[in-house]
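Here come two complexes built around subunit A, the first alongside subunit B, the second alongside subunit C.
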Partner chain A sequence: MSNPALPGRSNLRRALSSNGALLAVIALLILLVLVGAGLNDRFATVSNLTNVFEQSAGLGLVSLGQTLTVLTAGIDLSVGSMMSLISTLASGLIDGDLARAAWVIPALLVLAAAIGGGNGLLIHWLGVHPLIVTLGTGTVMQGVVLLYSLTPTGAMPFELEWIAYDRFLGLPIGATITVLLFVLVALMLRYTTIGRDVYAYGDDPEAARLMGISQRKVLIFVYAMSGFFAGLAGLYLSIRFGIGDPYQGQNYTLASITPVVVGGTMLTGGRGGVIGTLFGVLLVSLLNNLLNFLQVSTHLQLVVQGLIIIAAVSIYIERKRGLA
Partner chain B sequence: MSGATQTGAPAFGGEFFARYGIYLFLALLIAGGGLISPSFVSAGNINNMLVQLAPLGIVVIGQAFVIISRGLDLSVASVMATAAVMTSLYTSDNSSAPLIVASALAVALATGLVNGLLVTKRNVSPFLATLATAIMLQGIRFWLTSGAPSGNIPPLFKQIGAGSLGGVPISLVIFLVIAVVFWVVLHRSAYGRALYIVGGNPIAGRLVGLSSDRVIIVAYMISSTLAATAGLILAGFAGVVDNFVGRGFELDSIVAAVIGGVALSGGRGGIAGAVVGAAILIAIFNLVLLIGAPVQFQIIIKGAVIVLAAAFYVKKSKS
Partner chain C sequence: MSARTLALGVAFATLASSTAFAQGYEGVPRTYLWNPDVEVCFKDTAEFAKEGPYTIGFSNAGLGDSWRVVMQHSVMRAAAENSDQIERLIITDAGHDDAKQVADIQDLVSQEIDLLLVSANTQQALDPAISRVMRRGIPVVMVDRRIASDNFVTFVTASDAMMGRMFAQWIVEKLDGEGNVIMLAGQAGSSPSENREGPARQVFAQYPGINVLETVYSDWSPVKGKQVMQAMIAKYGEDIDAVWSAHGLQTPGSIEAFLEAGYASDDIPIHTNSDVNGGLQLALEHGIPMLEVGYPPAMGGVSLGVALDVLQGNPVPCIYEINAQIAVTEGDETASVKADLWVRDMVVADGAADLLITGGMGPDYDPTTYSVDYPN
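Up next is the complex of A and B:
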């Protein structure tokens, strides 16, 4: 951010750096599977890998939205509360009735996107760092959902469980849809004006302003997307578990950032992309699964998670320095 | 508040509010609270709030150092809990006190050093660096205690955490001493001046020959050391230890600092403001409960205050 790069060159640098990061994370993923296969003969089986894939859908959805805010050098710390809010409202309002789900689910997704867009608008209006704004709005949302219900309430219709548990051509449906959404967002970022604006704004907000890109539009867009996908993750998990939970998203706020960073999207904005995040999600999920197989205590898994963040960030920073 | 005067020269009224608005707000809050609920200003309740203020106040002082350096310390809660866990790791009599203090200090200094090194030498964003160390410390703590700490806290710590000297809570005395010492460090020492320069304008800092890396690393070490101190006090206050002593302090301390005028953009704010910010937060939480509102309103109001306070200072510095 501190060095004013020429817009023309920064495109090239961006492409080099994000592709490099993408290749690195894919190589790590392959390495992990190979090492895992050597360490435990049940790890690299189709059924285990499919299970890991199925279980990573929730994290995938939140991280997908989070990537967009990070691309603008922002962050959305309200995603966890958003998941809790949407999942609890869904489960409470639907209460097991499929007919009600038909309007409650779309309405809640609109609500999630609207609240997210509100975050973007607030950040634009107030000129306050997104960290603080979304921390504040996330806290308010957590309070609101606890006012609605202190405990898991209602039920999701079991007729929808196929989304989480059924397989199509051997692939878990929910996780496969998640991957398709990743691809869709990647295409949107690449081929639409708003997508390119997100990168331009993240790379250099001042230059973007001079190019006539509206800060308000970009911020509303990325935070609305982040809210929408967090809401979707909340719905997915409540369908999977059959009920919404006012604390469902608690651990997801910070967890959603690890795959983004591991996937090569820089917190300084403008570099990286959602496909990197997709592989970041798979890497994190597979690593946790492997550590479980190796009977590493869940406590030490936390240490590993911290090390991954540091390693990822340090490696990519060096890359940026080397190229800059 | 010497830092506040270094930047810009807003209109007289604006400057007055930016500098003293926070104190005015606390006074109004206490007066208004007393009108709404007379028991709010009773001696017992004020004592109660001051005891709650001590640990948060200690943490927010350290947080202010880091934020002035243009950073952020999300690891304070994890450091607090890890220091607290140390109290139950050895024998339960006072003879283990030096060992407990030494290990808590070691954890704190190591964490601060790692945070500082990651931020300066590896250019990691403070958010991620301190998040990563917080997660790792949590893992180490769980592993050390096998998930649930057992054992007793030496009586000395209970006295410090919950006892009082001639009616004044000991924890409050410790907090006040720390506040005065670090006020001097921040506002009257060469290090404090260097910190404001490095945080406010890193390039200028380099030009005048400051080793900005060292200044920043020391800020992180101050923050984790104060967090460990607060962790020991809280453990003594509760009398039992769990793995989450200080949960929420990382965000509360940032919020308190921001309310108190410590700008996240670095180089601005001071100890007095940060401490008053913490007092406002404690008073609001207390008031919500006193007027009988559901505890959820504490959460909602906290969220709203975060955004409003930050917006207040941003608008001020723009005008």
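Up next is the complex of A and C:
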């Protein structure tokens, strides 16, 4: 796709494509707030918008990791099962005891990253599309968690509830930490070698190989990140709910892809970034909130979300063709 | 004070059974009359009293089964009937997703509701969010599905524990204390399922001859109920003597699984049922011994009446139980379980299989076309 002979033009195109998408999603976000404010006078209040921000944290974390796999033209369909696994193990092992949380939580985050890294390694070894590999490992994880418990089990220590519900200077703590993680990952993608390798590999794996970029390293890195953030999302939600649930992540696998696509990251890899995803997450959360305010049926909310994905994908494909 | 609330209970109980169908038990809940405690817990709600008309938020766990659809219609109808006191009833549907229900509740609070009516998807996961609503001073009335803690004003239900126990005791006595039971539960983690399973297990545990082979979850769906029972039949076959079903929604699916596996009518294990016409129809058609204990979706409307009581500062019972009618197939009463009426008198023989007999919505009610003009 990219022409190594014209690096300048390639960068320009990339910048236009991702910034254009970013501007589009920000414009949509503003439009949604204005429309909502016109429809319901309690919608655009600080208290409601802060709520929406708070509600976006779980989806934000899992979509953050997903963005990295999509940047390599991959996908991670195991994130939902990963959330279920980590949340249920956490709640079951900690069982309300804060002292145990101190070692269980870090251990489970390492486990999540390791399983994720294993996904990357499998994709590299087998040469099979990530869709199939992660569908398989996701199914295995769902099976394992159900063997561990069929029902919500154990308890998360209530002393941790502040992460999910409290505010610092008026900002919800969990969501604010999530935004900081987005910024951190954005900086890492931009300024570290591995970050630049992710883009180069996603843009053209063959060219990346010729440049000496290790496919194995890139794949392990992005899937480990995806596993880690899915695990973190699972932990965050189990703290928010006070308990882990073996089906907690069920709806998150596909939901995690919506903000990535809406935020302008191309499914073909190499273009886009996590900041677009962040605004995509806010857009999805705000839209669900507005549909709630308008008392729109939950089922119609799903229809609207699906249409947005299709619209986003088609708009960005058009943009790419136009600029190519 | 308690007399007034009890009178209300009777009024609603009558409403619940004022259908065109055969009448059974119409009095106050027996769980109240037979309660051996000298003092029954009542809650003073003076602190929540305020001037109407009120904005009430109803956070529903989902509309994932036909019982929940009728229950929500019952809430809407009660809101229409009380439109002089209600400015708005805002309904959200969490689609059986805990995360969405937490968000729904926060969204309702943002809309400055005076009271939160809520049916919690799962009893643990919604606890922190709902407890916070109470701490903000907004009264919470729970209906059908409670949270694990007591951080609410009252919980409108038809006694899950009593149902679970009665189902189990009837099975024990029908089997003369010897036999194998499959527990066909509802949605894992939801209070109506957990709070029927636990007491039932306690009953079964007292009889060493009773063996609970397995507990399986139907998600209150006839289709899933059938699938999981097919798996149980493949695994245990003729060893299954009884199916303890946590509600009637999954009972027809279970019976169909036995029929399709080639069971003769006489060999189908005894079943329990609630509310759903199809289970009763199949029991009569195939001569399957059945115990029906109602868990009426009419409790939706009752809960809205209770919500108005709270907002007017009237005391309410800490757990607001509505009566549950007991029906048994003829000849299948046991020492402990006597019928208010026979299944044959309760069934709507020519009615739809998925009809909820105890909905209290009147004879012309059709859930697929129902609409009512309530303030929203």
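Please note the rule applied: the second predicted complex is superposed on the first by the 316 of 324 C-alpha atoms of A that agree within 3 Å, B and C clash if a C-alpha of one lies under 4 Å from a C-alpha of the other, contacts with A are read in each partner's own complex, and residues count from 1 in each chain.
We adopt the following convention: a contact is a pair of C-beta atoms (placed from the backbone, for glycine too) under 8 Å apart; a residue touches a chain by one contact, two chains touch by 3 or more.
Remember, it's a predicted structure, so these values are computed and weren't measured experimentally.
Chemist: After the alignment on subunit A, I want to confirm one thing: do subunit B and subunit C clash, or do they fit together?
Modeler: After superposition on subunit A, subunit B vs subunit C: fit, no clash.
Chemist: May I ask you to decide whether A:G138 touches subunit B, subunit C, both, or neither, giving the answer as first, second, both or neither?
Modeler: The answer is first: A:G138 touches subunit B but not subunit C.
Chemist: Quick check on the superposed pair: does A:S297 touch subunit B, subunit C, both, or neither? Answer first, second, both or neither.
Modeler: After superposing on A, A:S297 lies in contact with both subunit B and subunit C.
Chemist: Rounded to the nearest 10 degrees, how wide is the angle at the Cα centre of subunit A between the Cα centres of subunit B and subunit C?
Modeler: 70
Chemist: Between subunit B (first) and subunit C (second), which, if any, makes contact with A:N288: first, second, both or neither?
Modeler: second
Chemist: With the two structures laid over each other on chain A, which partner does A:P152 touch: subunit B (first), subunit C (second), both, or neither?
Modeler: second
Chemist: Counting only touches as set out at the top, which of subunit B and subunit C does A:G96 meet: first, second, both, neither?
Modeler: neither
Chemist: Touching A:D245 in the superposition: subunit B (first), subunit C (second), both, neither?
Modeler: Second partner only, subunit C.
Chemist: Scan A:L126 for contacts with subunit B and subunit C and give back first, second, both or neither.
Modeler: After superposition on chain A, A:L126 lies in contact with subunit B alone.
Chemist: Quick check on the superposed pair: does A:N48 touch subunit B, subunit C, both, or neither? Answer first, second, both or neither.
Modeler: second
Chemist: Look across subunit B and subunit C in the superposition and give the shortest C-alpha distance you find, in Å.
Modeler: 5
Chemist: Please identify the positions on subunit A that touch both subunit B and subunit C, taking each partner from its own complex.
Modeler: Common interface on subunit A, subunit B vs subunit C: 297-299, 302.
Chemist: Which subunit B residues qualify as touching subunit A in the complex?
Modeler: Touch list, subunit B to subunit A: 72, 118, 122-125, 127-129, 131-136, 138-140, 142-143, 147, 251, 254-255, 258, 264-265, 294, 296-307, 310-311, 314-315, 318.
Chemist: Once bound in the complex, which stretches of subunit C touch subunit A?
Modeler: 62-63, 90-95, 97-100, 102-104, 106-107, 109-112, 122, 124-129, 132, 188-189, 194, 217, 376
Chemist: Can you name the residues of subunit A that touch subunit B in the complex?
Modeler: 75, 122, 126-129, 131-133, 135-144, 146-147, 254, 257, 261, 267-268, 297-307, 309-310, 313-314, 317, 321
Chemist: Which residues of subunit A touch subunit C in the complex?
Modeler: Subunit A reaches subunit C through residues 40, 42, 45, 47-48, 51, 54-55, 58, 150-152, 155, 158, 161, 164-165, 237, 240-243, 245, 248, 251, 285, 288-289, 292-293, 295, 297-299, 302.
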